[in-house]
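Shared chain: subunit A. Partners: subunit B in the first complex, subunit C in the second.
Up next, the complex of A and B:
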């Protein structure tokens, strides 16, 4: 077991170095993406700020509390672009052109190889911008996150990343049947966009859907609650539970699709 | 002149066939645009305790439902592609066409527009019919003003993006400028929030900037939020921006084609 973990860890390290080498060929893009990360932060923050021109709170959240949620939204947006999107797009291309065969032939777990192969470092700017916004918001609130909050934050953010990964994996797996739908992963935005505001800012029905059916609440709202020191242990463990379930379902779906994969050319 | 019309019609026919071929891809781009619904949800909740800046709960629903459709009808996203075509020399074959190459970029998105109607119109009609307080201004004169405002909006989004994309004749990094324009437009065009809800000074400033005329104006007209007396000045301002961006695009194109080295030729 330890041997397997070491082997995959080393592989991932090599993928990272290789991605970095590729990325360094596009230095200008790295710089411009970082500038765009700031302007993206700007319009999104201004967009939620308008709510507070007219009201004190959205749901139970004040401006800078909601900014923590937005910071997480921007962070995970960057995470999708940096870690998930390049791989998911590559898989769709593999399926379309038949080169997935080469991935399947390698003596490594196909899901691992296909989903963590590339990292687009130029989008780290968004992740940093999100972190910066969170830090600034906490400063404005004069609130130090409680120790329990900080500890649970890491678990909750890991859970959030797993949930996002699962949603994307399900979408990408659909490409086995809808080969021509090259932009199918864009559907992730149709649900993820809801994460830019705390879930209790929505009408009740929407909130229930975003908590239990499409678990968007666990990506931004719940980690933000941990930082603000008001997450309940029940919700924190529910988050981990949701992440486990999502990963199990999506991995099962991916394996099911692979068993029925007939390749494009042969 | 007649011959130009025939050529342009041919472009439309070709891209109509393409739009049908890629209808699922187009559908997904449409379904991925849910920001107006997110904003609508929050405003609905906020307005349940009273009107906000003249907008009732029903007004917000009417505004954002129309927003979903109109955004798709009046927008083009050709800028990044055009700048890439210039940089990588894919513009070369287009320069040989018997009409101005920019016609292709201007007309290409149009055949995909009717595909949006069957997706958005039924929910809009259903909501307007079933939800109390959701009203649209449906007088014939409004339709006329809406048509002009939509044409103005399309012209500005097309020309402004084209002008920025043409900078690729001189610089390797024109795309980020276009994305910057997208960001400004999202915030100030009424896509995110009705511009009447910004602080008053910002709303007043937006009268003079191009962004309002790329989406907000047709929305203000069809939702009956803009008094009829203010239609003409607003449309006039929009047309002035069309003229401005037309001039800039024309100048950049003329200078750019001369500087163009036709990579790959």
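Up next, the complex of A and C:
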């Protein structure tokens, strides 16, 4: 077991080095992306600021509390762009051109090899911007997060990342049947946009959907509540539970798709 | 796998797949969006063969004959519809780690090298993926470098390499783990003649040194004649020949080719008595003569005419194979 973890750890380290080397090949993209990250942050902030000019609260959330949610949204947006999107694009390309064969013939777990292969470091800027916004919002709220909040924050953010990974894995796996799923992925992007504001801002029905069907609530709202010291242990464990379930479902679907691929393709 | 057992065993393999058809035009596109008509294609239909350790076998057939499908079943990418397949004692479709570490698949039309980085980076990654110990990696890479003359190619970004240079690096990347079984699908496709020859020499040398078992498909008969003593020919998913390349010509082309250069012109009628005149120019003539009478007819010719030069050859293998396929189509 320890040996397996070390082996996959070494492989991931190599993936990171490869990704960085590729990125350094394209300097202009790296620089322009970092500038873009800052301007995006500005526009996002302007968006909620305009809202709070007219209203004091969204649901039970004040301006700077909602800014924590927005910070998490920006952070995870960067995480998707940095860690998930390049791999999704690569998988679709593998399926379209048939180079998935090389992935399947390696003596390494195909899901690992296909889904964590590439990282786009240029999007780390967005993740930093998100973190910065969270820190600034806490400062404005003059609130030090409780120890329990900080500890649970990390667990909840990990759960959020796993949930995102699972949603995106299910979508990209559809490519085994439909080949080009870029549009389906764009559709989900627009659903993810809902994570920009706390879920309580939505009507009940939407809130239930965003909690249990497409669990966006666990990505931004729940970790934010942890930081603000409002999360209940029940909800925190629900988040971890949802993460486990999503991962199991998406991995199962991926394996099913691979079996389909080897029995149906030519 | 027990010693002495064939490395590759294929027993009554069938592989069918479903394709959907679409009528042409916008209406056809619309109809097929809602209602798809499927038919089953018998890509491989009941074929059996086996390969002994160290053999290089040419796998021939026109486009769509089922060559690539068979290679994919053998390497574990496709599940057989029926029949039994065993490679090195493994069932390929299980894709067990110990199996994957002993085989390799090279596809002339597809790349595994990382496009934006030098090939050396892919090599290092494969070292880790195949868990190759440091000293073994160094030794293998040095050997591949020597045989393929990789040198500076390894440190240039793959996207900047020529097609031939890239193929050399592809082969190196595919062989770092010293596989015992090689599946080569059109490894020389699109390369110029010199590069094709180099790749061929490499494959032959690799086989000599390591006794690897190799199943190779190619559209270039030069690859096959240079590398394979034995060929397997399939057509429409069925096996139509499995045996020595030599006897293929004898069996299916019952004639030899005589090319004669005369000192002075010879009337066409004289030549027609000796064999089938294929080409007739002033002093240069090509004849097809019955195989078993080759010697006799050649002697007659030398006695009857002023001959400057004469060569006797088997018909080109392309022609032999083309004849087989024509006959199969017709009958």
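Keep in mind that, in the parts below, the second predicted complex is superposed on the first by the 256 of 266 C-alpha atoms of A that agree within 3 Å, B and C clash if a C-alpha of one lies under 4 Å from a C-alpha of the other, contacts with A are read in each partner's own complex, and residues count from 1 in each chain.
Keep this in mind: a contact is a pair of C-beta atoms (placed from the backbone, for glycine too) under 8 Å apart; a residue touches a chain by one contact, two chains touch by 3 or more.
Everything numeric in this text was worked out from a predicted model, so none of it was measured.
Three-chain overlay on subunit A, with subunit B and subunit C fitting side by side and no clash.
Put simply, the three-chain overlay gives an angle of 90° at subunit A, taking C-alpha centres for subunit B and subunit C and rounding to the nearest 10.
By the touch criterion defined above, A:150 reaches neither subunit B nor subunit C.
In the superposition on chain A, A:193 contacts subunit B only, with no contact to subunit C. Judged by the touch definition given at the top, the superposed model places A:59 against subunit B, while subunit C stays out of reach.
Subunit A is touched at more residues by one of its partners, and among subunit B and subunit C that partner is B.
Touch criterion met: A:184 reaches subunit B, while subunit C stays clear of it. By the document's definition of touching, of the two partners only subunit C reaches A:262; subunit B does not.
Of the two partner chains placed by superposition, only subunit B is touched by A:202; subunit C is not. In the superposed pair of complexes, A:7 makes contact with subunit C only, with no contact to subunit B.
No C-alpha atom of subunit B lies closer than 9 Å to one of subunit C in the superposed arrangement. Note for the complex: subunit B touches subunit A at residues 24-25, 28-29, 31-35, 38-39, 41-46, 52-53, 172-173, 175-176, 179-180, 183-184, 186-187, 192-193, 197-199.
On subunit A, the positions that touch subunit B within their shared complex are 28-29, 32-33, 35-36, 39-40, 42-43, 46-47, 50-51, 53-55, 58-59, 178, 180-184, 186-191, 193-194, 196-197, 201-203, 206. On subunit C, the positions that touch subunit A within their shared complex are 17-19, 41, 43, 69, 72, 75-79, 93, 95, 97-98, 100-101, 103-105, 107, 110-112, 114, 116-117, 121, 124-125, 128-131, 157. Remark: subunit A residues 7, 10-11, 14, 18, 21-22, 25, 97-99, 101-102, 104-108, 113, 259, 262-266 touch subunit C in the complex.
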